[in-house]
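Each in structure tokens, the structures are laid out below.
Two complexes, one shared chain (chain A), two partners (chain B, chain C).
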Partner chain A sequence: MNTKDKVLEILENTTDSAEVRNNLDINIFDEGLLDSMGSIQLILELQNELGIDIPISEFERSEWATPNLIIAKVESMI
Partner chain B sequence: MIKNVIKQIDMVATSDPTRIVYNNLGETNTYQQLKEKSDALASHIIELDLDKKSPIMVYGNQKFEMLVAFMGSVKAGHAYIPIDSHSPAERLEEIQNIAKPAACIAIAELPEIELSVPVISHTKLVEIIENGQGTVAPDPSLQVQGNDNFYIIFTSGTTGQPKGVQISHDNLISYVNWMIDDFSLPERPNILSQAPYSFDLSVMDVYPALTMGGQLSVLPQEVTDNFKVLFQTLPTLDLQVWVSTPSFMDICLLEPTFDADHLPDLSRFLFCGEELTHKTASALKKRFPMAKIFNTYGPTEATVAVSSVEITNDILEAYPRLPIGYSKADTKMTVVNSKNEVVPNGDEGELIIIGPSVSKGYINNPDKTASAFFEMDGGNAYRTGDAATISSDGMLLYRGRIDFQVKLHGYRIELEEVDHHVSSAPYVKQAITIPKYDKDHKVSQLIAYVVQKEHPFDRDIELTAAIKKDMAETTMSYMIPQKFVYVDALPLTQNGKIDRKKLINEVNA
Partner chain C sequence: MVSFQPYVNPIYFLYLIAFLIPIIIGILNGKRFRVYETIISLLFICLIFGGPKLHEGFNLILYIIFEVLMIGLYMRYRSKHNQTWVFVVAVLLAISPLSIVKITPAINNGIPSIIGFLGISYLTFKAVQMIMESRDGSIKKFDLMLTLQFLLFFPTISSGPIDRYRRFVKDYQNVPSQEKYLEMLQKGIFYIFQGFLYKFLLAYLFGTVLLPPIAHAALQHGGMSWALVGYMYTYSMDLFFDFAGYSLFAVGISYFMGIETPMNFNKPFISHNIKDFWNRWHMTLSFWFRDYVYMRLVFFMMKHKLIKSRITTAIVGYFALFLLMGFWHGVTWYYIAYGLFHAIAIVINDTWLRFKKKHKGSIPSNKLTEIFAIFITFNVVCLSFLIFSGFLDKLFFS
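On to the complex of A and B.
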């Protein structure tokens, strides 16, 4: 599975929503798909599943707001 | 000992007018501003000649004007009902129908909704305050006092209707004096104000800070949600006292620089709202070895909290599951069996709270009031629905709920209320809500088990999105289940009721 599919699978699980796969530019925070506890879960799963390190103090929400942004961000960290 | 909350706060304004009361990310307000603005608002409210017994809804998020509205209301003799600006329109309507308020002060813009009471908008409020500058303080005999309601906070109700807990001035006095006496707070403490005002955890920061001439350092939700900004902001607040749910602390502990080296003034941690786990407390104790960490316990119905214990290294060593502490001096806590008889120390039963901070009951809801509140040993008593044991020296241990109420990240939720909202959504024939627990006995998510009706969607996940979207119109966001599972039928008990316990056991096996 490539990084994009893996990220989308994790996102689909943490948001319990298909929207993240149908619309890669959907704002997951504005749409209420993810709250702050959900963001923590997303960070932890991305770290565990993809072996990357996401320091919480560098989690600027606007940089993680859409599936496309998250994929790009994760790809840059691998 | 404080005798009057309003007088106490106004005294700070008189003796030290320029002292900062509210620091919202560098935007500050003084005690004098709080007094003058709330006096002006109170004078205006008094002129409106509203029904004295009716409360005032105050709608908004963390803004200084919220404090002005709270104090303005109680100075005019009206209790206030804090309502968070994230609440859906239907929730506002429900609260209006139940509480029958006399007015609504909307600091934030109201959602599309027809309120049947006069609304004081933010613009109007600013005008009232400006026109009222320098007027004489309103007659103190009109203020909320004694057994009058001071605030009313709405919590989840089992029938899908929220319940309004009435907290009187005397309830609040009992609570505030305990906070001042028993937690060795610094003088004029700088206290974290993070919880929304609609959540009574906020009372744990607001009234100790205000009555002690301290400062509220505000972390608005936009900041707590954006972790980068959160961890940039925290060291700038010079906090001395931390008040939050354990869940919020778990987020903060993920940041390695959240420690005594980087936050040297922070010396007190107060937790309430949900179970403080051993894991969270011991991690925090390592980061702040010199700080005092308090676990507190209490339902909204007994004014925020009624028992506490300092979590020392000895306590961490002695208790794998942390105790909820000893009752405050003016309160008795006792454990009873199903026949309402007090059980011997060490036996499990339902925890009863008797004392001056126990509420008079739910507003305009005599049935629910009668089933939860009663008189015992000459005091007001409240049946908590919490299972507990008590040791011979009075230490209380929490053992879970005896009904289907849960705490999710500090929010109190009746599973029956969630059932009601899910079942009312389109495409849903029948539904039941199941809490999933993590290994520390805390609820980590709510799962809805749903029997679906016909629907146009190809995938479950699209159906879920449609149900969630519909629920967002009627339901507080924290009550919307994180996961939806679709089944052909729900398991039934021998009596033909949906067998929630069976599903709870399956989910948590």
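On to the complex of A and C.
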């Protein structure tokens, strides 16, 4: 499974919604799909599943706002 | 010598404009006169903390030396090691002066601590933030000059908005293009005039003209009364326009200096729910608590699997955040009750949002429900401000 699919799977899990797969540019914070709690879950799952370390200081919401942004961010960190 | 409460006296604005003109001309020509900027900043800090407030000025100097030392020492340590207990001790030490200032009046018959000064809270938020981001490895190098510029940035020194170190430094080390800066100047002027409207007209109307007679009527009547309801709304309006007005001044003046200090308010009274409200009200404070308290606490609890349920974890996080925010406002029953009130409100809100997500489609959502949501949120918020105002303390307990 490539990174993109893996990230989408994790996102689908944490947001509890398939919308992240249908629209890769959807703003997950504005749409209420992810809140602070969900963000932590996302960070932890990315850490566990992909082995990347994301300090909370680096979780600037505007940089993690859409599935596409998150995929790019994760790919740059692997 | 006199001392100025920032942005209160018209003369303060005249001084500001006069001294800022060289900075504005400089940036328009692609230059930052850093030495001049620093001298002006120090001059205004002297105006704020001089004369009868000299005592506070000394406290500020001692406090800054202490915090800069803490930040510097911790960063030096962090460049080689990373033990949790050292981090915890560093944070506890960094917040210790503020804790003393907050706790002293509560245990000493309301007599303020001798180490306090105007703006100590906001400086503490900035210092703690730097220590936390150093631990995360996001701030890598200690720079004395930049740290001082960040902490002592005078437009926001007394009451925020609370900027972020890395964001501030990016602006400070950069000179905006002429096009961009002209846009910033326009915005800055707009914000300052909006600030005049908010603070000197609307806050004056609500706070100075309307509030005292309503307060008098409510106290005369005693207990529950229509005047008390009036007090609740009038106080809420005063609170908003006063603080939003001040914040607009601070942001506007920052823009003149080529620094895009983040906004503090975003139409909070059209919030659809309490969560939405905290994304719009005193944003730099709520985001600070979100990022440096809630997120970190929840992360810690989930990583170490302290609590099984996600929902319970979130609830614990909310109560920790809002209780801390309550205590930060001051150690009195009504500030702590205000914190608890918001913790309970946001937990109810979260439960409702979960229910709504589960039953998507079967719950009506239209213009009418939206207006209803705004109405409910507005009233819940105003009720929380009535608690916050301390008026109930006067009404029932004295």
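In this section, the second predicted complex is superposed on the first by the 78 of 78 C-alpha atoms of A that agree within 3 Å, B and C clash if a C-alpha of one lies under 4 Å from a C-alpha of the other, contacts with A are read in each partner's own complex, and residues count from 1 in each chain.
The rule we apply is simple: contacts are C-beta pairs under 8 Å (C-beta built on N, C-alpha and C of every residue); 3 or more make two chains touch, one makes a residue touch a chain.
Predicted model only: the values in this text are computed from it and were never measured.
Within the superposed three-chain model, A:S39 lies in touch with chain B and with chain C [touch as defined at top]. By the touch criterion stated above, A:S76 is placed in contact with neither chain B nor chain C.
Touch criterion met: A:E58 reaches chain B and chain C at once.
In the superposed pair of complexes, A:N2 makes contact with neither chain B nor chain C.
More chain A residues lie in contact with B than with the other chain of the pair chain B and chain C.
Contacts of A:E19 after superposition: chain B is touched, whereas chain C is not reached.
In the superposition on chain A, the residues of chain A touched by chain B in one structure and by chain C in the other are 16, 32, 35-37, 39-40, 56-59.
Contact residues of chain C toward chain A in the complex are 132-133, 136-138, 275, 290-291, 294-296, 298-299, 302-303, 310, 313-314, 317, 353, 357. Those residues of chain A that touch chain C in the shared complex are 16, 32, 35-37, 39-41, 43-44, 55-59.
Across the interface of their complex, chain B is touched by residues 12, 16-19, 29, 32, 35-40, 56-62 of chain A.
Residues 224-229, 231-232, 247, 250-251, 254-255, 257, 409, 459, 461-462, 464-465, 468, 472, 477, 482-484 of chain B are the ones touching chain A in the complex.
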